[in-house]
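What follows is a pair of complexes built around chain A, which joins chain B in one and chain C in the other.
Let's turn to the complex of A and B:
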């Protein structure tokens, strides 16, 4: 099977670990990843101003690329890329006036009418591979690893592009269970990580991260799984400081769900680039005997 | 940029030499608008020659006249159409009812750096040009490029940390600045691309061993005496040397030709 894939800028730089683990996992699952040619930034943050169409041009241009390269589905990994692409796609599918304006502005491109479906990798894994098949493919079960999905904001909001209904965390839960992990209920799974507040109000971002990490530790969660580089950064990068300031009592490493998938599938741990995880030790995974190439 | 010579546009086209237009027999004239004013210029001329025909004299905004120096970017529009077009004045032939504007210089931000200090990571480029991240992928830069460079492509590559791709995609850039003139994010694309190519050359691209060896030779002083001899020569002596120099034949197969005088090899 071959899939058209949109990586996103961060997955080529700071969050190469999110991408590399995914590409290696998909190869192990027999899926060939075809990165679309000539993609640009997704826009990073969806513009909420109704008539601010210039900020929809970036995401739509990527969908144009996917369409002209023959993709029916465009798979993406990063929560924020997924969100901006899927929401821009909704505009192109449902609002004919805005669609015409955007198409007319992009007069150097083919017209785009919302033909491409934007799919998050979690959805793709459920629909095209299936949890049973993944479970059969597991070579290094994540036995005894108490982990919880951390969705943050953009995987479920708003409802019309959410990968599943708000408050439901079934996709990642089923995936992690298929990998042999113990999935814990987590009250803060859909709380905001502090997002870009980290840039202008460190205290605010610190307190949101502290709330999430504290809630995780109190539930007995040993690690969090995410698909968002910004969540990973906010929860991971600040942990040292939060521990030092006594705002949290214990560290809770944050891994990308693709990294956990990769190690369970027996992919060489080097492909997971754990060295790029912000402040997340791999000792936990080593101690659980999860970090071995099959 | 240019001054209008204090004389009326020529009524009878002259066959000209040098920078003057050479007109074909019976060339017709067409109307063009230079900075909003109508001039009748012979068809078949480039924009640059047409402007000179109309009496403008380029002090700046003209360079190689061969489409490669980037000094003569021009924005134009055809009467009756909203669409803007972009080209080099020395390469674009005039058409009837063109509205022309020269943009010989654009005040785009140009960062200062020492190439040997900044290192080869994309973050160095991001730090020098944080405005890179103001790109909204509108693609007006690409549409404006007279060299058909994929400007959005190389800007995107840099956001993705791919300096090699940016250096390769921007290779044909002639630094005319039309991209920056159209950018709503006020990004100096062409300066950033130049930095990317320099970083690529300095830190990423494989180094040529023979070049390294030659630089070492030069630095060891091997050629100092020859240079001193040349510097000490009179103009006449230099000219004589130049005229009498041995020259590799144009069609010599590579590596086969040797000069008779071998003492400098």
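Let's turn to the complex of A and C:
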């Protein structure tokens, strides 16, 4: 099986661990990943003002690329890319006035009418591979690892593009359970990590991140699994600062769900780029005997 | 003929603009404060999201523009999905931000960010932050 894939800018640098682990895992599952040619930035956040169409051109242009290259589905990994592309796609599918304006503006491109389906990898794994098949393919079960999905905002909100309803974390729960991990729900699982507010003074984003991490630790959760590089930054990479400032008492390592998938499938740990996670993340997997060759 | 610009005229103009930019009708709000209960950034805000909706209903432009609420909004859409009146509050916050940003005013100054901060931040944080907080 071959899939068309849109990476987004962060996955080529700061979040190479999200992408490389996904590509290696999909290869192990017999799926070939084909990155679309000439992709550009998705815009990171969907433009919320009704009159602002110019900021839809970026995401729509990526969908045009996918259509040109014959893709029926476009798979994304980054939650923010997923949200921005899926919402722009909704405009092209449902708002004929805006669609015509955008198509006329991009007169050098083929007309786009919302033909491509934007799919997040979690949805793809459920629909095209299935949890049972994944469970059969597991070589290193994540036994004894108490982990919780942390979806962040953009995978679930708003409802018309959410991969599942707000407050439900079934897709990633089923995936992690298929890998042998123990999934535990926690109270702050649906709270925002603070997102781009990390640029706007640190207090706001730090207190929201601390609330989430404390809630997870108090529930007995050892690790969080995410699909968003901004959640991973606010909750994972910033954790040292939160510990140093006394905002949290104990570390809760964070992983991309693709990294946990990769190690469970017995993919070489080098593909997971754990050097891009914080140190506590690597130590936890070693303690659980999940990192076989590292 | 002399046209007198009254507070009421300013409020009406503001109200129209807010509706045009957000596509939302703030007068539907029944002040239940579910948005405030859901908001992860409420503690950072000088006025809660509920109060912003109230100020917007009355077109109290000066109080709204002095507020930090819509600058602290993380566009997480928790308010939007839970509003019992179906108002997309994240869009109202965006419309309030845009009315300032479209006058070429920055809320944060990109050049003031320390180099080591820019180095460590993921690209999506920079793109998202600059799009929401700079003109």
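The rule is short, and it goes like this: the second predicted complex is superposed on the first by the 289 of 294 C-alpha atoms of A that agree within 3 Å, B and C clash if a C-alpha of one lies under 4 Å from a C-alpha of the other, contacts with A are read in each partner's own complex, and residues count from 1 in each chain.
Definition applied: contacts are C-beta pairs under 8 Å (C-beta built on N, C-alpha and C of every residue); 3 or more make two chains touch, one makes a residue touch a chain.
Given the structure is predicted, the values throughout are model-derived calculations rather than measurements.
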Given the superposition on chain A, are chain B and chain C in a clash or a fit?
fit
On the A-aligned overlay, A:149 touches which partner chain: chain B = first, chain C = second, or both, or neither?
neither
Touched partner set for A:253, first chain B, second chain C, both or neither
neither
First (chain B), second (chain C), both or neither touched by A:269
neither
Have a look at where A:78 lands relative to chain B and chain C in the superposition and call it first, second, both or neither.
second
Looking at A:279 after the superposition, I want to know if it touches chain B, chain C, both of them or none. Which is it: first, second, both, neither?
neither
Touching A:108, do we find chain B (first), chain C (second), both, or neither?
first
Quick one: name whichever of chain B and chain C touches more residues of chain A.
C
Between chain B (first) and chain C (second), which, if any, makes contact with A:236: first, second, both or neither?
neither
Identify the partner contact of A:200: answer first if only chain B is touched, second if only chain C is, both if each is, neither if none is.
second
Apex chain A angle, CA centroids, chain B to chain C, rounded to a multiple of 10 degrees, is 80
Would you check which partner chain A:41 touches, where first means chain B only, second means chain C only, and both and neither mean what they say?
both
Minimum Cα separation, chain B versus chain C, post-superposition (Å)?
6
Would you tell me the residues on chain A in contact with chain B in one complex that are also in contact with chain C in the other?
9, 13, 41, 43, 55
Which chain B residues qualify as touching chain A in the complex?
122, 135-139, 142-143, 150, 152-153, 155-156, 159-162, 184
Show me the residue ranges of chain C that touch chain A in the complex, using the header's touch definition.
20-23, 40-41, 43-44, 71-72, 74-78, 80-82, 88, 90-91, 94-95, 98, 107-108, 113, 120-133
For a test of understanding, state which residues of chain A touch chain C in their complex under the given definition.
8-10, 13-15, 41, 43-45, 47-52, 55, 78, 80-81, 153, 156-159, 166, 190-192, 194-200, 203-205, 207-208, 211, 229-230, 232-233, 237
Contact residues on chain A for chain B in the complex?
7, 9, 12-13, 38-41, 43, 54-55, 57-58, 61, 105-106, 108
